[in-house]
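Chain lettering (A, B, C, D and E) follows the sequence in which the chains are written, and residue indices restart at 1 in each chain.
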Amino acid sequence: MSLLSLRDVTASYGPSQALFGVKLEISEGEVVALMGRNGMGKSTTIKTICGMLPASSGTLEFAGENLRGMASHRIARLGVGLVPEGRRCFAPLTVEENLIAAARPGPWDFAMVAELFPRLEERRDQTASSLSGGEQQMLAIGRALMINPRLLILDEATEGLAPVVRQEIWAAIARLKRDSGLSILVVDKTLRELAAVADRAVILNKGASVWSGTMTALTPELKDRYLGV
Amino acid sequence: MTDQMTQVLKVRNLSKSFGALQASKNISLDLKTGEIHALIGPNGAGKSTLIKQISGELCPDSGEVEVLGQDVSALDRVARAQLGLGRTFQISALAMEFTVLQNTVLGALGARGGVFRFFGNVMRDKALLQQAEHALKRVGLIDDAMRRTADLSHGQRRQLEVAVALTMAPKLFLMDEPMAGLGASGSKALTTFLDELRTEAPILLVEHDMDAVFALADRISVLVYGEVIATGTTDEIRNDPEVRRAYLGEEEAV
Amino acid sequence: MSLILILEQILNGLQFGVMLFLMAAGLTLVFGVMGLINLAHGALYMVGAFAAAIVAAWTGSFVLALAASLVAAAAAGALVELLVIRKLYDRDHLDQVLATFALILVFSEGTRWIFGSFPLFLDVPSYLSGPVTLPGGIQYPLYRLTIIAIGLVVATGLFWLIARTRIGIQIRAGESDREMIAALGVDISVLYTLVFALGAALAGLAGALVGAIQSVQVGMGEPVLILAFVVIVIGGIGSIKGAMVGALLVGLTDTLGGVFLPRLFGLFMEPASATSVGASLASMLIYILMAVILLVRPSGLYGGQS
Amino acid sequence: AAAETKIGMITTLSGGGAGLGVDVRDGFMLAIDQAGRDNVEVVIEDDQRKPESAVQIADRMIQSEKVDIMTGIIWSNLAMAVVPSATAQGVFYLSPNAGPSALAGKRCHENYFNVAWQNDNLHEAAGAYANDAELKNSYILAPNYPAGKDALTGYKRMYEGDLAGETYTKLGQTDYAAEIAQIRASGADSVYFFLPGGMGISFLKQYADSGVDLPVVGPAFSFDQGILQAVGGAALGIKNTSQWNKDLDTPANTAFVAAFEQKYDRLPSLYASQGYDTANLILSALDTADVSDKDAFRAALKAAKFDSVRGAFKFGNNHHPIQNIYVREVIQEGDVFTNKIIATGLENHADAYAADCKM
Amino acid sequence: MGRERLLNAGVILLLLMVPLWAWSADEPFLITLATKVAILALAGVGLNIALGIGGLVSLGHAAFFGIGGYAMGILAAHAQNYEPLMQWPMLVEGTNQMPLIWLVATASSALAALVIGALSLRTSGVYFIMITLAFGQMLYYFAISWSAYGGEDGLSIWVRNEFPGLNTLVPLQFFLICYVILCLALWFSARLAHAPFGLALAAARQCEARVETVGITPYKLRLTAFVISGAITGLAGALFADLNRFVSPTMLSWHTSGEIMIFVIIGGVGRLFGPVIGAALFILLEHFLGGISDYWQIYLGGLLLMIVLYARGGIIGAISGREVAHD
């Protein structure tokens, strides 16, 4: 049974429609890559899942609950952890405060996050606004993990990270997948790295899902047509 | 003399501390005509901090910055921009309520001067429009010219950043992670584009996308904990064990 | 001027400062922490004072009156938050200014409609009235000492709430990015209703406490509002500590300015015009202080970011 | 029937100072109702205590509504803004409250009548009372604005003792700890203050709580019926000066107090008495002359043939009252605080500016 | 954006037609009311340049309004009693000629805006709001105790000042003067918004770093805008004082600043005609609600609340769509 399921979801920013029918299924413990060129609606899909943008039609379900019309915070409490595009750390708060702001009980706590990203431990009392770009990215991931989600959503979570760190993060994601049975929805631009962790991929084009299948089934022709590589 | 001419940017012994944290330690580097000089290094190494000191947003504790042989250490960022420093930001800094075209016209206006004019419709100024549209064409945003900047996707905003810098026709570019947030196709297109751009003005490029860096850079400097630990060609850097340990990791080197 | 008088005036300045802090505390909370410009703060201050006056007249108990001020202002605050303020968080400051200005009109004239145009009676209870003698022989009203104590307790409590508790962290996180904190599972609307009600309750408490030594009347909140804004801006928005320091600075400046400036001018002017010129300058003094502080520190004494 | 007479009343009916305006209006309308004339029409407008609004309303009353007589303004600054241009346009203006010195002196006008007092009057009476009470070293304070300066000038005009100190406070100030400390240290034997409205309430409460117990004297404005209840016990025993009090034993006054209480269910205030007198003066003049005959009407006003609730009343050459000013003491009757007359401060007193008035 | 244009044209025409009708129907007070709308709208147009385009939320514009008013009051008072304004270092006489008064009012409020702006613009956001308020309050308290010119009592000028060729005492003629000035100011501010300066100023509001990196100093832009804004509001102050033939410290109080700001917000921040519609609506409400009851301000408050809550982008925004025009 799938943990998250979206069918024929449409959504608009005011008068301009951005999603024209998105279909997406994620099972328990599965890592799904959401792909597509710039501006095709990946982040919009994520916002719709998290209740930050209301869906205009279609069905959204998470763990058997209907997400449509549900307030953002209630969706998060169901177990959806978001690492948003552009990080959005709480700038005036310290690293530690960012992490504990929304923490919920579970295995993930400050110590575990610090283990994953030792840099955050070093910067513990510095405000998020004075962190380097990469440090902020780590903070955003740590923050999402602190709510102990069942589904982790990573929207360009490795953007701006040094290759070593990126490798660490991918390793961490792989470990999460292996050890904790966490489901993950991931948006990222480096196909090569995605291929290593993702089980399946869904491709969006102009706000609609146009393809879905296993990573291995992603042919060069598809890549060229929808991803431009 | 010729060496002087080709050195568009010269940074000498720059140091900067934030409290106990030394973000720049005695950094020296230069940028020559026609080259792309990439600056890489772990997160928090001080790359953006260095860019900010060059562009004039931050004041170094000591050291000098020279642009085209002129010491600009005493100038503020506006004056440096007027001298020809084009800059893109790591986190997009654009006028969000403006259309894409208005943002680029603003760039063209800044480059041309004459801001203190209270009459005449700036969006009907042929010269400015031409310059702006040209820049938009080059980054592939011309079809979005009339859209509101806030409605652009993240990647499109990065393209717009570059376009605005282009309208300034700068003498050199400071680019802080221009590829960040661009999809694979976008990165590819931008790589091709920067490759051409270097003949117009040299680029000091901060980037974590190693595909792009290795494809583009004539020289690479590696910054770790505020210090330049290595400068060299692509191959030298790729094979430097210290750099691999501190930054590239194992995979990238392969 | 004797040393003892100077000391007494300094004490008066500090006391006035604490009183200002008490008036500003709720505003700091709502303004600094939730990022909402609440011009209706003064109206809530008035609500507290009126509630206290009514209950004191009924029951004769000052403690009950204070409790009533808390309850009435908190209820008014919660109501206002639910009906109006809630819709304004994602608007810019200007809409907030207009809406809360409209609320002032509704509250002030509504109060006048219910209670008439004349001031109400609210006095210091007998067990707190009259002066006590401090070391050094200064005679000082007991009630004012009580206000100082309550002010300090409120300051500590607020500081602790905001800086040390998780709720405080969530509130601050919400101020920086409301959408994001909600997406992380915090019910920010309920939290904000509570904070606003708390801010209102503090305003009401201040109204009742200060009302007992001033006049409880329609419009009493207005001068308070401006002073409270001056205080928190000097201190730096969002900082409880800043509000305290700002309040003390304003209190001292205002009190000592009023006392010493006329004397200062008396040194080189004839007495009649010295008192009047000195007094004129004294009335501008806190604004001059604010301007000077903001020029030196553009985001207040303890303001992190502007 | 005589021709219609239209009276325009501009007064403060909303915001902080509304209590005074409401009393003037209620007193005025009581007299109008009692007269039961169907040829007098009163138009009432709220000035919100803004001089600019008052000016505009005056313009409208004169231009559009063509009023013959105007009245109602509470505050000196509003009166200064409205009266000169209204009288210049040929309208009669009768002041029920404010009496700025300029309008009593150089800028007096034949169409301007003050039915209350010249601003200095009550302060002068306080100064005179201080002499009678053998106060020798007063500390005086008032807000730093023209009326405040007039007040202290008025006091000093009559007062013969020394000054222990003279302070101008901020307009609208609510905390007087610093001033009270100054008073305590000054060696004064008495305090004179003019702090109208909420300022006075604050001062008195804080003064009572401070333990300084020098005798205090003030003008009636801080001890008026409307605010005495709010000051409470802190005012008990304080001497204040007024041209009227509800215990003045004249038939007109007794009738007024009873009628007012009956109609509005509260004790009349000083302002109500002034509004009442103003209306009665107008009515008395209308009995002898038609308002369209300006000279005759003016003469009828000047004659002041009406039963003033304050007893004897007549106008000086500058159309300001010549009247007794009494000294009152704050007392408690049951659980109501009120005043009782204990002495006459000044008898048949005219103001100090009459000589400047070329009329 | 056709709808907004249409609305604007309708409003400006209506503002002209009402007094013309009132004149023929002999309702002089309606003309006074329209004049008041025109003048306060002018003050709002001034503020809107700083606030709407530049994002400079000034809660101290009463300072300029009041300075304009006092410029008129002082000059006219001296002209009336034939005492020169100053004799040293040069002789300056008072005047009752409007054009001259306007010049002085505009220049002195521009100068004040230059000083206040130069200092205040070092801060931003709420701090800017408060520091402008502080300067406004300083002037207010100064005026209250400045006994040479009436202190709190203010300064009355018994007759309106003169304008060559017109009889300003005729309400309609004075209205027309104000109306023409308002139209000129609207025209100027429309041009300014689309000019290079307007573009750069609007950009500085949205993203300071962007403007700096294209080589423009935001501080200079803002200061210029603030001075222009203050000058226009100062001119409105001089006209307002002339309308009432009276000036007093209330013109300098923070309530006045607040009211001018409220006109702009009600109408729609950054909309060319926002201040006109806002001022008209506010004054009409104030005037007609006043008759309903002593507690009319409750209704005013309620109406204002409705406007903020349900008319986003002000009245203009509600009628013609939320987006500010780009062209």
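Please note the rule applied: a residue touches a chain if its C-beta (ideal position, glycine included) is under 8 Å from a C-beta of that chain, and two chains touch if they have at least 3 such contacts.
The structure displayed is predicted, hence computed values, not measured ones.
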Each chain counted as touching chain C and chain D at once: E
Greatest separation from chain B - chain, by CA centre: D
Chain whose mean Cα position lies farthest from chain A: D
Pair with more cross-chain C-beta pairs in contact, given D-E and C-E: C-E
Chain A and chain B, separation of their C-alpha mean positions in angstrom: 29
Centroid spacing, where centroids are CA-atom means, of chain B and chain C in whole angstrom: 48
Centroid distance [mean C-alpha coordinates] between chain E and chain A, Å: 51
Chain A-chain C separation of Cα centroids, rounded to whole Å: 44
Multi-chain contact residues (two or more partners), chain E: 141, 144-145, 147, 295-297
Multi-chain contact sites of chain C, meaning residues that touch two or more partners: 108-109, 112, 276, 279-280, 283
Chain-to-chain touches, reported pairwise for every pair that qualifies: A-B, A-C, B-E, C-D, C-E, D-E
Footprint of chain A on chain B - complex, ascending: 18, 40-45, 48, 90-91, 151-156, 177, 180-189, 208, 210, 246-252
Of all residues in chain C, those that touch chain E in their complex: 31, 37, 84, 87-88, 91, 93-95, 97-99, 101-106, 108-110, 112-113, 226, 229-230, 233, 237, 276, 279-280, 283-284, 287-288, 290-291, 294-295, 298-300, 303, 306
Residue ranges of chain B touching chain E (in the complex, touch as defined): 55, 57, 77-79, 81-82, 86-87, 89, 93-99, 102-103, 105-107, 109-111, 114-123, 125, 146, 148, 164-165, 167-168
Sites on chain A touched by chain C in the complex: 50-52, 71-77, 81-82, 84, 88, 90-93, 97-98, 100-102, 104, 127, 129, 143-144, 147
Chain E residues within the chain C interface of the complex: 51, 57, 119, 122-127, 129-131, 133-135, 137-138, 141-142, 144-147, 254, 258, 261-262, 265-266, 269, 295-298, 300-305, 307-309, 312
